[in-house]
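You will see two complexes here that share subunit A, one where it goes with subunit B and one where it goes with subunit C.
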Partner chain A sequence: MEIRPILSAMFRNKLGAILIATQIAVTLAIICNGAFIVYKRYQTMNRPTGMDIENIFAITSEGIGSNHNARAVAAQDLEVIRAIPGVIAASNASSVPLSGSGWGETMQTTLDDNAPTTGTGVYMMSDQAIETLGVNLISGRNFTPDEMLYRDENSGQIPNVIMITQALSDQLFPDENETALGKTVFFDSRPIEVIGIIEHMHGSWVTWDALAQVSIIPVLTLSNQTRYMIRTEPGMRDQVMPQVEEALANVNSQRILRQLRSLEEFAARSYAGDNTIAVVMMTVIVLLVIITAMGIIGLVSFLVNQRTKQIGTRRALGAQKFHVIRYFLVENWLITTIGLSVGLVLTILLNMYLVEHFEMPRLDRIYLPIGLVAIWCLGFIAALGPARKAAHVSPAIATRTV
Partner chain B sequence: MLKMSNISKIFRTRLIETHALRSFNLTVNDGEFIAVTGPSGSGKTTFLNIAGLLEDFDTGQYMLDGEDISGLPDKSRSKLRNEKIGFIFQSFNLIPDLNIFDNVDVPLRYRDMGAGERKDRIESALENVGLSSRAKHLPAELSGGQQQRVAIARALAGSPRFLLADEPTGNLDSLMARQVMELLESINDQGVTIIMVTHDPELARRAHRNIYLLDGQISDLEEVTQLPLNQNQSQSQRADHAAI
Partner chain C sequence: MLLYNLRLALLSIRQHPILSSLMIAAIGVGIAACITMLNVYYLSAKNPIPEKSNVVFAVQMDNRNAAPDDDPNNPDLPPQQLTYTDAINLLESDLPLRQAAMFKSAFAIQPQQNGLAPYLALSRMTGRDFFQMFDVPFLYGGVWSDDEALAASQVVILNRETNDKLFGGEDSTGRTVVINDREFRVSGVIDYWQPSPNFYDITNGPFNDVEEMFMPFSLVWPLQLDTAGNTSCSGETSVIDSFESFMASECRWVSYWVEFSNAREAEGYRDYIRSYMESQKALGRFEKPINYSVLNVYDYLIAQEIVDDSIKIMVALSFLFLVVCLLNTIGLMLAKLLARTSQIALRRALGASRMDLIRQYIIEIMLIGLFGGLVGILLSVIGLDGIRSLMRANSADALLFEMDWAMVAAAIGISLLASLLVGLYPAVRVSGLPPAASLKTQ
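Presenting the complex of A and B:
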């Protein structure tokens, strides 16, 4: 291998090499941190919600006029919806999980002023809440119809029972051997019995640390506006959605039906920011990779053109095509490696800056070797074309006056 | 021995065909020093390129040390060039970014040769041309004559059987040209066969045999050196003339 003479020649003509090495260093730093950001965003967007998100949708009914009987309308609407083929379950819902809109409340295990409180996202639903959300009830029981509380819009009344997620139970009772099931906890300072533990469920605010701390209470608030959540058989959601809208319109025309949206659409809207960042970052990464590859191709092509006579001379002196290709690949590998060495430091410094100023998590170590190998491969592939072109330089060039 | 029989080479463009060599015949015996002269465009460089396996020919047969060159793959031709042929170019063709030591090392690196042996050969070759003390210098730091001596050291380091020189003194003043010529003669005395293309009739006269090329063929105006030859060389030269 000709590493020493290549290095020696490179240091005598270092400007092009320095520029490309710098570009490679910056590329590694941005690619590693960018890919990490993209991964984290997609990881956030694709984390399990605990719900049957693909088969759930919601619709809001807004009654018109002062004679609106919310309880009767809701009962009739749910009966109509549940009768539509393909519907597994339907429930009223005070708000839609993953929508960015909802009701939060504080909970605690005692009324002691010094007792720690924890936040929870609260959903007022019917006795079909579990089936409608597709969540897994791991212990306890579901609501019964007679536990439903029908309350006025301005009433602060709460029911006697509540179902909470495991995450909320763990938060309330951190002791490993203790569970919230069957216990009375204090919901907005009022006692309520935990009758069921849900394995996992996401609430409304996707950026909230306590997203998985969710409570469901059996309540229908009597107002002109009622929201329904409907779960369908797998794959039937899009077919059932217009049928539900039509059925509700037929059963009572004195209302406005709006916000007919799938749970996936609600989630997509909530995660739009994350998605945009991920897409922008991926675009930047792809562009950077292309620009770096073009830079390498440009430099190696320039060197090949600049050294045509030198290549011919080497060929005349006995270099095989393979030797010429190897020369340029090794030279490029050295430039890339120098760039990557600087890039490693730059990557860590950039990550430290992002951690400090943008609350980004610390870069997973695995991104560094992956980034190194990826850019080594990129450099190799980019340099291969010009290097092969160099190998085709005729040895007869050596005797020509160029 | 180098033997070319009915070698033809045509350069083609879309519009014209140029016959660089036409049914060219030449035999060069071991140890000979041949000067090839002729006007520009007569085919001297093409002949040298074909003799040095730098270029293919269209028809004919070329035997180098008993081996038929026709149809040899690029890899074998490169290996033959590396092991049997040394080149000296008019403009030296040293690699400007490498020091003298590394320049001489270039052809040796294409052989499976250990670093120690390469170093010995380089040092010996540089000593032969009187440039041992300049090993760490860059080509640009040497005079033209010194650069050509480095090129000769590079050609000799691989112990070639044939030395092909393309206008080796073309870029040198007369004093340096004479020194380079003396060096070539001493190399030839060591048994290396030399074929030298030159425009300089003075230098050509110092070779054992002159080949005069005209329109891609050896001309009848061929000149024979006036320098005294030893008995063996005279015999081989005469045999060659008969073959031409």
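Presenting the complex of A and C:
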């Protein structure tokens, strides 16, 4: 192959090559780091929540006035909701998982002041909690209706029993052979018995380290505000949602019904920042690919135009179309490869900067070869058009203008 | 002369429509990416009350016990909110020019007119000084009186939107609103006011909307109000089983702001806070070593790190993106000028100096840069709109995605500067080509 003449031609027009090579270097750095950011965000967003997230929704009822019988209202509302066709289970819920608002509490295995405390997201629900959330109870048992605690708004009373996630159990009892089931632990410094272990469930704050350390207690707080979570048959959610709102309004028109939202919607709001970053980053990557491709097309076209005469001469001297195409593709490949080798260094430098200043994880090595191959392909495809145009230069050009 | 240069530049842009529009597009896309991200950054990092940010201070005291668990990343940063006890005690001090304790609470508004259904609204429970301290503009009426605050009277200040909804925008001062089955007298209506970031309550979201109403802090007892915001009880060991025990607890749910006539007076106030904490420590409170802060708005927002790291990453990457776009433009400009060598040679042969040509091409590229900047502004409006819908922004969040003149000026400035950088090399290089050789090849 004609590497030597290609190189000498390139040295005669250094600037164009340098521009494209630099552009390719920066492009590789942004694409690798950007794709990594996108991947990390989607990985976070798609963590399993442990719940039947597609078929759950919530609604909040606000009673007005001071003679509101919260216990009777909740009992009646739940009865009405559960009677609606398509509803699998319904429960009162102090807050909604993945919603960004909730109750965080501390737990300990002993009351010793120096004993380590563990954080947990707490949900006050009913004996239908497990069915409503669609979580998997791996050991122990569910609440019974007579374990329900009905407490005043300002009361700090807690019930006797609690269900916790496996993650929380592991945190409390790090020993592999030990589980929290059946043990008495200290919840906000008060004793409570663990009666059930939930395989996995996410709490309210998606950025919290203890997101999967969740506990559920059988409580209804007697206040004007009552929140309900409802789980429907697969695919029935959107149909049941307005029916529940209407049914609750029919029970009592003098209340405020608000935040009728699916669990997916709550999650989407909590992850809106991550999603935005991912979408913006992908847009930047796509634009960058287009711009770099345009840059390559521009450079190769320019070189082809500049060298029309030389191409004609080569053709007149017996070079085939295929040789002309190969010339420009090899030249472009050389430029791209120089750019990519600088780009590798730049990619790692950019990642080191992001790791140091923004607590980003280290770039997975796999992104580098993928990025390299992708940009090689991009360069090849972009250069192909102008190179084929070059092959159409007629050998007669060489004789016409000198 | 400049006009002549401009005319030639326009002519050249029209003669090479494809190359020129590619250049404009490349600069435009790069500028749009930068301005979009810069705008999000600038508005989340901006000073919400620039004229007062050095005399208005947030008061923070750390009452947690030895093992804080609520912010493992910043164990030394005192919590943002205070206990009710501390807030009430601080109100006794006459050192600050103005001061206010505050929290937000949710109420059911029951409109008596125009057939509106009852709805839930947030109220900021605070002191009279809130409004003057933060320069809140009034549309009608004014703040409740000292006597009304002392007597915990049922008075309310509405925001403009609520007044529009309930009273059709009329002056409602002195009229009555039914809230939670009780009658509240309207003492005033504030005009549109939305600090961004919403500095006075960043615990509950630095980009939340300002509340719909304001009521005296003293109503907390008679109405037994609870906060609609964050309550943090880490450090509380006794059992809370009544409203009274909650109010006396170590739970933090009240934020506290003070204003001084000048920044130096804050020093004396810091001494006061320290001695207050020491006296409370003697009573068995404040278990940890004394840790407090009295920070002005500006320092407070920086200490609380409300600007998301990912925004900074996006700004950095968007500038790298602009670099790629500019490299592209240099290539295009070079191609365009090299295609014109005969014209350049002709002008040189007819007596144009090298400077004349350089000036001509610089003006041309800057004109392209200007067009690119305008395209960039248009694209960033679209970009911001896209981000707004992705973020599912509420109305205060939406402020984050509005461009102001500073950003428009920045867009134009960056694109002119960038195009100057881009144009310099091709212009110098091309103007230096020997005219004779280029003319000969004709």
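Keep this in mind: the second predicted complex is superposed on the first by the 401 of 402 C-alpha atoms of A that agree within 3 Å, B and C clash if a C-alpha of one lies under 4 Å from a C-alpha of the other, contacts with A are read in each partner's own complex, and residues count from 1 in each chain.
By definition in this document, a contact is a pair of C-beta atoms (placed from the backbone, for glycine too) under 8 Å apart; a residue touches a chain by one contact, two chains touch by 3 or more.
The structure displayed is predicted, hence computed values, not measured ones.
Participant: In the superposed arrangement, does A:Q23 touch subunit B (first), subunit C (second), both or neither?
Facilitator: second
Participant: As a test of reading the superposition: which chain, subunit B or subunit C, is in touch with more residues of subunit A?
Facilitator: Comparing subunit B with subunit C, the partner touching more subunit A residues is C.
Participant: Could you tell me if A:L287 is touching subunit B, subunit C, both of them or neither one (first, second, both, neither)?
Facilitator: second
Participant: Touching A:S66 in the superposition: subunit B (first), subunit C (second), both, neither?
Facilitator: So A:S66 only meets subunit C here.
Participant: Just subunit B (first), just subunit C (second), both, or neither: which does A:S8 touch?
Facilitator: first
Participant: Does subunit B (first) or subunit C (second) touch A:S394, or do both, or does neither?
Facilitator: Touch status of A:S394: first partner only.
Participant: Looking at A:G318, would you say it contacts subunit B, subunit C, both, or neither? Reply first, second, both or neither.
Facilitator: In the superposition, A:G318 contacts subunit B only.
Participant: In the complex formed with subunit C, which residues of subunit A make contact?
Facilitator: 15-16, 19-20, 22-23, 26-27, 29-30, 33-34, 37, 62, 64-66, 104, 106, 113, 116-117, 119, 153-157, 189-190, 209, 224, 254-256, 258, 268-269, 272-273, 275-277, 279-281, 284, 287-288, 291-292, 294-295, 298-299, 301-302, 305-306, 350, 354, 357-360
Participant: Please output the residues of subunit C touching subunit A within their complex, sorted ascending.
Facilitator: So the residues of subunit C touching subunit A come out as 22, 26, 29, 33, 37, 66-67, 69-70, 72, 106, 108, 110, 117-120, 180-181, 224, 226, 234, 237, 239-243, 245-246, 308-310, 312-314, 317-318, 320-321, 323-325, 327-328, 330-332, 334-335, 338-339, 386-387, 390-392, 425, 429.
Participant: Tell me, which parts of subunit A touch subunit B in their complex?
Facilitator: Going through subunit A, the ones touching subunit B are 2, 5, 8-9, 12-13, 309-310, 313-323, 394-396, 398-401.
Participant: Would you pull the subunit B residues touching subunit A in the complex into a rising list?
Facilitator: Contacts found on subunit B: 45, 48-49, 52-55, 74-75, 78-79, 81-83, 87, 89-91, 93, 95, 97-99, 102, 105-107, 109-111, 154, 158, 166.
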